[in-house]
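Some structures to go through are shown next.
Here come two complexes built around chain A, the first alongside chain B, the second alongside chain C.
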Partner chain A sequence: MNYAVETFDLNRSFKLKKAKNKKENNNTPGKLIALDNASIKIHQGELFGLLGPNGAGKTTLIKILSTLLLPSSGTALVDGVDVVKQPDQVRKRINMVSGGEHCGYGILNVRETLWMFSQFYGIPTQVAQARIDVLLKILKMEEFAKTKIGKLSTGLRQKLNFMRGFVCGPKIMFLDEPTLGLDVQIARDVRAYIRTWMKENPERTVLLTTHYMAEADELCDRVAIIDKGKVMVCDTPGNLKKTLAGEAVFRIEVPLAANGMETFGQISGVKQFAYEHKSHLGRTELKFILHDESAISNVTEFLSNNSSKIVSLSKMEPSLEDVFVALVGRGLKDENGSQN
Partner chain B sequence: MFENTKDTIRTIRTAGKLGWAMESNWTDPFLFAIYSVVRPIASSLILVVMYYVITRGKTSLDLFAFIYVGNAFFMYVVNVLFGISWVIHDDREHYQMIRYIYIAPMKMYYYLFGRGIAKMVLTTLAVIITIAFGMLALKIPINLMTINYPLLIFSVLVGIFIITCLGILLAGISMVTAHHSYALTEGIAGLFYLACGAIYPIDILPVWLQYISKLLPLTYWLELVRRAILGKSISTTLGGYSDFQLILIMLGTTLVLAMFSNYIYRSIEHIARKHGKIDQLTNY
Partner chain C sequence: MKTDLKTNFKAIIARAYVRIIAANREPSWWFSETLLPILSTAAYVYVYKALKAPPEYTGFVILGGTMSAYWIQVLWSMAAQFYWEKEMGNLDLYMIAPISRMSILLGMALGGIIQTTSRAAFIFLTGSLIFNVSFAVVSFPKLIAVFFLTLISLYGLGMLFSSLFMLYGREAWHGVTLLQEPVHLISGFFFPVRNLGFVVGVVASFIPLTLGLDAMRQLAFKAGAASGFINVNLELSVLAVLCVIFLVTSKYALELMEKLGKKEGRLTLRWQ
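Take a look at the complex of A and B:
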């Protein structure tokens, strides 16, 4: 079996600038470890998801694989080719789309942009034009074919950037949060296209990063969960969720709470605990992963002892998100609250 | 080999189209044409006025022709050098497409050269217009029948190659020094203006600066262009060389420059990739 992507103990660190805020007295310029001995193997033909919160190192990995960034140490092979030693050979095989991006050569129109990039990849004009027609159709952009990029809305530009990646006919595609910030319908079109593209040719491979658990669950053959630069686990979404089969997942909503959260994890029978403040709803959502369903009584008892009202309580099917919580002991979203 | 040539031509052509789209991005083509004609004439008029002020009207026609032609062709340095050295910065900060350009399987040199073609064409037009204006309105002694066209065309092509090499070198530097690259290009262009004899013969420069002048291929380029157009040169330093000798020296220094620029570009590209600067916005 050929691997589309293989990394061995990949490390990447960034020098940290001195803290801007003098009060923090953090004057030792340190190192930030963005990738920490990351080893993954992606099979040819796989739709592989890289899942992790903001700052986990997903973009860093994509940048290394797409030859934009050198690793600090370790090896990365794309289609068997070393990204450090033979970047030119890697570039012929890949493309990359980074979501949430809406720039471009404003003076060109949609078709001109797509054609131009296909030319940089040596795609014969007829093949390129046919491909552009299909892309315009599937992504519902036909009416904008002749519209200048400068006049497109940000969502449409992001869609164009997505098409740009595919028009170049890569064998291996890196998609960095392809649906970031897209409205629901466009995101659906994008996901549908990814699936169609994969089905067309069994040799194609996609590495997709996301912090939307549902997206990874829905799309990916296998996912790796990554946190603080470390690859925690790597398996099919189904198998990952099965690791929680013995456990029970409960969601409890309480009125917006500020303190005392730390103690919740110590309630007996609780395996992992995470929370998310939903200040716009005036609530805090607590998530408990219990070793056993019966432990829920300990939790409710603890809450009432702390005179915390319970707004709602529900038992849930384990999701990928719960797998993440069980692994790292916090939710995907409670990193800094800036998630969208 | 043949495939490579095809790839190269395709890259240059595609980048050329992009460059052209940007250059001609005027809502009114008529305004664009006027601008292309009026601007070079205006800048040569400034030179004429300065010349008359400095010499108080005591014109030596030979010296004036020397200055006028040198200045006209120096437009290549200003326009094409700025055009090419600015591409990386523009693609990164303004269009924010550098990462997609960079990961495409093409040689950046050819892309940069292609992006400069529109500037080369427009500058050639501007030079022709400026020279014609000089002949008609300022009575500069140029005889269209005695111009050494083969030498002129050859020199201009080599000159464009030289300026492209310089542009690529500066483009490389702009990958790591976002804030100062504009000043750097301006400084380099200014240095060439002084050192390469664009406005006066290098004979009048201090001796140490003349050494620098003689290392720069653009010095020989300007001298050859003047000889081709005016039929003579007033530089005593370079006057001793035959056309053929000057061509050899120009090609030799150009070769050294090309290797130097290639080496610097590659080294800086490696540094940029190592430090994650290829697509890092500087936000200023």
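Take a look at the complex of A and C:
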């Protein structure tokens, strides 16, 4: 089996500055574990998603695979090449696009910027220009080809950065939150292009990190869920959702609640619980994964005993986010998390 | 191997292209980098005229003002450039590209030299015409050799500094700010460095402009040799050695800093 990416017990930790409070930390430098024995295998030709909340270790993994960071221990192979021992060989095979990032120089126009980056990969100018034409057309950027990038909107600059990654013709593409902050239409264009690019050549592989579960569900052949540097589970989105087949997922909206969230997880029949405050709507969304459907009566009773008015209640099909909640015990957007 | 060389060559040209294009697309830079230096240079000329200094001093000042354009460019657009690249998000992209990092620096240097030469030439020609500077070139080949060796070693120094900027953003920034004016003084931009004494002259010789300017003055003006610091041939040799030292050291410094950055996770860390 040919793997585009393989990692074996990959660890990465960062030294933290000495704690100011001597009593609490004995004045020894702390350590942040970004990756904790992370092992994944991505097949050639696969669109693989790495899902997790902010700080889960997704970007750290991508930085190691793209030779920007050394692992503390463990091995990472890209197209069979060791990222530590032969970084130059790895770089010939890869490219990376980080969402929310820009590239190039404001003084150059879009076409010049894409040409410049293509030259770092030794692409003949004629080939590069042809690729640029295709990308500009597919991503609806033709009218901006001669616009200086300093004059582009944030979304268009992100789109340019996205094109920059693909114009270099990588075999393996690392996309780190590529649709972060993009408006709906641009994000749709970006996702459509990823699918088209994959279809063009069966040897192409994409590792996509995202915390948009719907995006992963829509795009990915397989996904791994990562939290606190650990790979929790890895399978197809369909199989992952099937793990919740015997359970019931309910969403309940209540008026904005600040305290006592931890008590919801203790209701009888609740397997996992997560919440998200929607301050702009003045509501808190509670998500319950129940051992069986009948336990919903315990939940409503608990809420009514605690004078919580139910604004809405709906039963939902399990999503990848629910899989995450079931595994980790908190939602992707929980500030502190909640355990049952 | 051949493909790698070709790719690196393309990278040098592509990176140089940004600077060459930038020179023509920002007219305001012409104002700040040509007219303003002419004003400060003119101030020194008038001081010398008021003090009734020998007429060659006017030429010395014009030459110093011309070379000053390169020094400012090396400090802020070579040494500090990796700091900007990191903040803009380009450094990550250079680091994941299958090219030598030296190609990026060489491209920056080549583009910088071309960009600055047009400005330096403007300062030189305008200053020479306005103040009626008379030249008496002793040896054109030596003058050209000194000029190019000065530029190569100067940009080599800039490349060495830029590797420091890759890891030490703000600290390196302060360092460069501290360097700017003292180097103007000890390198003898506006007067012969011999006036500072032998010891200061030797220390200042680590900045390639010191010996470069001194040698150019000795070779381009009638009274230049009389006010020279050391023999021109020796200055040429030292400049050649500095070229090799700075270019080789910058390569190793860059590799070391990259390795350190990847180990400590600071290579792509912003807002340091």
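Definition applied: the second predicted complex is superposed on the first by the 322 of 340 C-alpha atoms of A that agree within 3 Å, B and C clash if a C-alpha of one lies under 4 Å from a C-alpha of the other, contacts with A are read in each partner's own complex, and residues count from 1 in each chain.
In this section, contacts are C-beta pairs under 8 Å (C-beta built on N, C-alpha and C of every residue); 3 or more make two chains touch, one makes a residue touch a chain.
These numbers were taken from a predicted model, which means no experiment stands behind them.
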Simultaneous placement of chain C and chain B on chain A, clash or fit: clash
Which of chain B and chain C A:Phe14 touches, first, second, both or neither: both
Chain B versus chain C as contact partner of A:Val223, first or second or both or neither: neither
Partner chain(s) touched by A:Ile40 [first = chain B, second = chain C, both, neither]: neither
Partner chain(s) touched by A:Ile107 [first = chain B, second = chain C, both, neither]: both
Touching partner for A:Lys92 - first (chain B), second (chain C), both, neither: both
Touching both chain C and chain B, counted on chain A across the two superposed complexes: 14, 63, 66-70, 88, 91-92, 94-96, 98, 101, 103-105, 107-108, 112, 116-117, 119-122, 164
Residues of chain B defined as touching chain A within the complex: 7, 10-11, 13-14, 17-18, 21-22, 25, 95-97, 99-106, 111, 270, 273-274, 276, 278-279
Chain C contact footprint on chain A (complex, rising order): 12, 14-15, 63, 66-70, 88, 91-92, 94-96, 98, 101-105, 107-108, 112, 115-117, 119-122, 148, 164
Touch list for chain C against partner chain A, complex: 3, 6-7, 10-11, 13-15, 17-18, 21-22, 25-26, 88-90, 92-99, 262-265, 267-268
Residues of chain A defined as touching chain B within the complex: 14, 63, 66-70, 88, 91-92, 94-96, 98, 101, 103-108, 112, 116-117, 119-122, 164, 168
